[in-house]
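Following this line, the structures themselves.
Look at the two complexes coming up: chain A is in both, with chain B in one and chain C in the other.
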Partner chain A sequence: MSPLINLVIFICLGVAMLVLSVMAIATKSLLRSATYLLLILLCTAGFYLFLNYHFLAAVQVSVYAGGVVILFVFAIFLTTKKDESMVRHDVLRYAYGAAGILSGIALTAFIVLKREYLYSDNRSMLGDAEIPMQQIGEALMGTGKYQYLLPFEVLSVLLLACIIGGLIIAKKR
Partner chain B sequence: MIRIEYYLVISTLMFFIGIFGFITRKNMIAILISLELVLNAVEINFAVFNRYLYPDRMEGMFFTLFGIAITAAETAVALAIIIGAYRRIGNIDVNNLAKMKG
Partner chain C sequence: MFHFKQLTDWIDAMLHTYLSEGWALFVEFVIVGVAMLTVYAVLALLLIWAERKVCAFFQCRLGPTRVGPFGMFQSVADMIKILLKEIIILNHVDHRLFRLAGFLVIIASLCTFGAIPFDKGLHAIDFNIGVFYLLAVSSLGVVGILLAGWSSNSKYTMIGAMRSGAQLISYELSCGLSLMTIVILSGTMQLSQIVEMQSTGWFIFKGGIPALIAFVVYLIAGHAETNRGPFDLPESESELTAGYHTEYSGIQFGFFYLAEYLNMFIIAAIASTMFLGGWMPLHVSGWDGFNQVMDSIPPVIWFFGKTFCCVFLALWVRWSFPRLRIDQLLKLEWKILMPISFLNIVLMAIWVLLLN
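Right, the complex of A and B next:
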């Protein structure tokens, strides 16, 4: 694809992501909020495709969009009454929050935009820098330097603990 | 050409939108959704820094990968807690959760 089309698609994705983020935290209905979250996560998968992390995009779609959002939807169905109106904090809290995030955005934008990033011509722009699946698998399953068997196993223990903990917390007494 | 700053600006804005939702929403599930936004922005940053500044390495990608898995686990436990709180108290607004004994 030509760089211009790439840029246009990227900007569309980014703008959609920001608008959907605002809508996800501003909407009254929780179910809508979860739907916007789903679209945000799919846009993020699009970003990973732009960066040529195809495996990451697949994981993002299957784990986040497939798993986490479904969990959210079920939890919303289980905990929301039919005609429930949104309870708001008082206005002062919104003011504090707005002041806090505006100063945070100003600080971060200053740091991000002031710095010169040293990257010469980037291979990911040419579209030939996809990491082969074999390399990912070897890094995930090896025990050497820059290989990740131990975190992988720790993560599987964490997931087991999560399953057991979730069952214990949510079970009927 | 897509510069690195474009990604960083978008993820910064998304991060702070998430924080604003975290501060201002009362419903616990809405707070959790805001938290997802924050984590998502952070994970974009890991992948972007890896791709642009160290294109020959894979550390940022693996950090994102493990981050996604940990986020999923955290969400599952948090939703279990929210459902448990709903059973006890009858709604899931944070100001009703002041007493959390036993």
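Right, the complex of A and C next:
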């Protein structure tokens, strides 16, 4: 696609994401906040699609939009009362937040401007070509160099620990 | 054999000769969008009419007979009525979420609809990860249902939404696992390639026993995903009025109604694509004459024929079985269907290893 169309799509997604992010933290209702988070995650999936990372986009939608946000919504259903709204924090916390945001922006800008792009001549890294699913699957499930079977399995141990921890906390009641 | 690929390629080539690349793409997006929405709406009308007729048949009634021959235009009249109805705005309702919920449900359904291959070259989205994409976007609808239940500010909708959330999340597992069984057999996730690979025999025949088990599991789990009887406890009329969409009116209710019917069609279409060959005609290797006769039937008719057979199965089940209790529903998924699907995946792996 031509650079102009790319730019238009990028700006649309970026603006939507920024506006939704502000709305997610500015709204008073917890459930609305979770809904805006869902829309932000969908915009992120849109960015992945835009870069031709189809697998990552689908993972983003199924794990975050289909899984994590639904868990959030369930947790909100079970823990909050209908008319409860969030409390306002004191001014100092806003100041800390602003400082954090500014340093984040400065760091990102420094990295983006200073860094030489290692993959600038590798077209598959730039996202002009779709990476076949088979390659991703072999990388996830292989034991060779640059293959991720061990981290993948270690993560599942972490999830198991989470489940057991959750069960123990629930049992105490 | 006529494929729609010729037509779509011709439109693409023609637009590119007269317009610059950007405008050609834009026009194509608009055409695809309008065509998809039209097919979506027309299919919904057709399905609603079919449901009423089939239901009447099972209950020894006639069903709609007044509007048009066999009452065919009854659902068109209903559509006009629902478009003209007032949208009632309730007090003490979270309006923004209330309005958003219907859109989320129908967007999830439309995104899934776009990936279905109706014919060679007649599908809007053909990703490398097709099957995974289908599972991912169809899970978006759950959020819409949960939001609808919560924001309506009513106990009936809340109970309906909670039940529906539990049901959809559970049955998504069996759905995904049974589709993965076919992915193991085919070795690809791209829907067009999956259909292409069935030119020598549909997967339900090629895959033998594991494919047959996966097909049955998918039909049951998929039927539960559509929230229709006997799995209709999220909206069970006798106890919850209408479940999570009790408070909706007019076209906002119409969105939920449309999405329900189209989800039934989408489940049937995915079942026919993954197991019954999609638009691929019935081929038996060695019987060349038979294959040629089968090839003379247009692929679109094959696709819709198979899909409507699956839809008829879904309707048959809906009007024949009584509603499950919530514990029976969860037991069916977690203690019966999911273990079967896990074992079935191992069985399919052994089957593939033995065949090669």
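Keep in mind that, in the parts below, the second predicted complex is superposed on the first by the 140 of 173 C-alpha atoms of A that agree within 3 Å, B and C clash if a C-alpha of one lies under 4 Å from a C-alpha of the other, contacts with A are read in each partner's own complex, and residues count from 1 in each chain.
One rule holds for everything that comes next: contacts are C-beta pairs under 8 Å (C-beta built on N, C-alpha and C of every residue); 3 or more make two chains touch, one makes a residue touch a chain.
These numbers come from a predicted model, not from an experiment.
S.K.: Based on the shared chain A superposition, would you classify chain B and chain C as clashing or fitting together?
M.R.: fit
S.K.: Of the two partner chains, chain B (first) and chain C (second), which one does A:Tyr146 touch, if any: first, second, both, or neither?
M.R.: first
S.K.: Is A:Phe110 in contact with chain B, with chain C, with both, or with neither (first, second, both, neither)?
M.R.: neither
S.K.: Which partner, chain B or chain C, touches the larger number of chain A residues?
M.R.: Between chain B and chain C, B touches the greater number of residues in chain A.
S.K.: Look at the superposition and give the distance in whole angstrom between the closest pair of CA atoms, one from chain B and one from chain C.
M.R.: Value for chain B versus chain C, nearest C-alpha atoms: 13 Å.
S.K.: Overlap of the chain B and chain C footprints on chain A, residue-wise?
M.R.: After superposing on chain A, chain A residues 55, 59, 67, 74, 131 contact both chain B and chain C.
S.K.: Going by the contact rule at the top, pick out the chain C residues touching chain A in the complex.
M.R.: For chain C paired with chain A, touching residues are 21-22, 25, 94, 96-97, 100, 127-129, 132-133, 135-137, 139-140, 142-143, 146-147, 150-151, 153, 158, 162, 165, 169, 172, 187-190.
S.K.: Can you list the residues on chain B that touch chain A in the complex?
M.R.: The touching residues are 1-10, 12-21, 23-27, 29-30, 32-34, 36-37, 40, 43-44, 47-48, 51-53, 55, 57-59, 61-62, 64-66, 68-73, 75-77, 79-84, 86, 91-93.
S.K.: Which chain A residues qualify as touching chain B in the complex?
M.R.: For this pair, the touching residues of chain A are 3, 6-7, 10-11, 14, 17-18, 21-22, 24-25, 30, 33-34, 37, 40-41, 44, 47-48, 50-53, 55-56, 59-60, 63-64, 67-68, 71-72, 74-76, 78-79, 81, 84, 86-89, 93-94, 96-98, 100-101, 104-105, 108-109, 112-113, 117-119, 122-125, 129, 131, 135-136, 139-140, 146, 148, 151, 155, 158-159, 162-163, 165-167, 169-170.
S.K.: Considering the complex alone, what residue numbers of chain A touch chain C?
M.R.: Those residues of chain A that touch chain C are 1-2, 4-5, 29, 31-32, 35, 38, 54-55, 58-59, 61-62, 65-67, 69-70, 73-74, 77, 82, 130-134.
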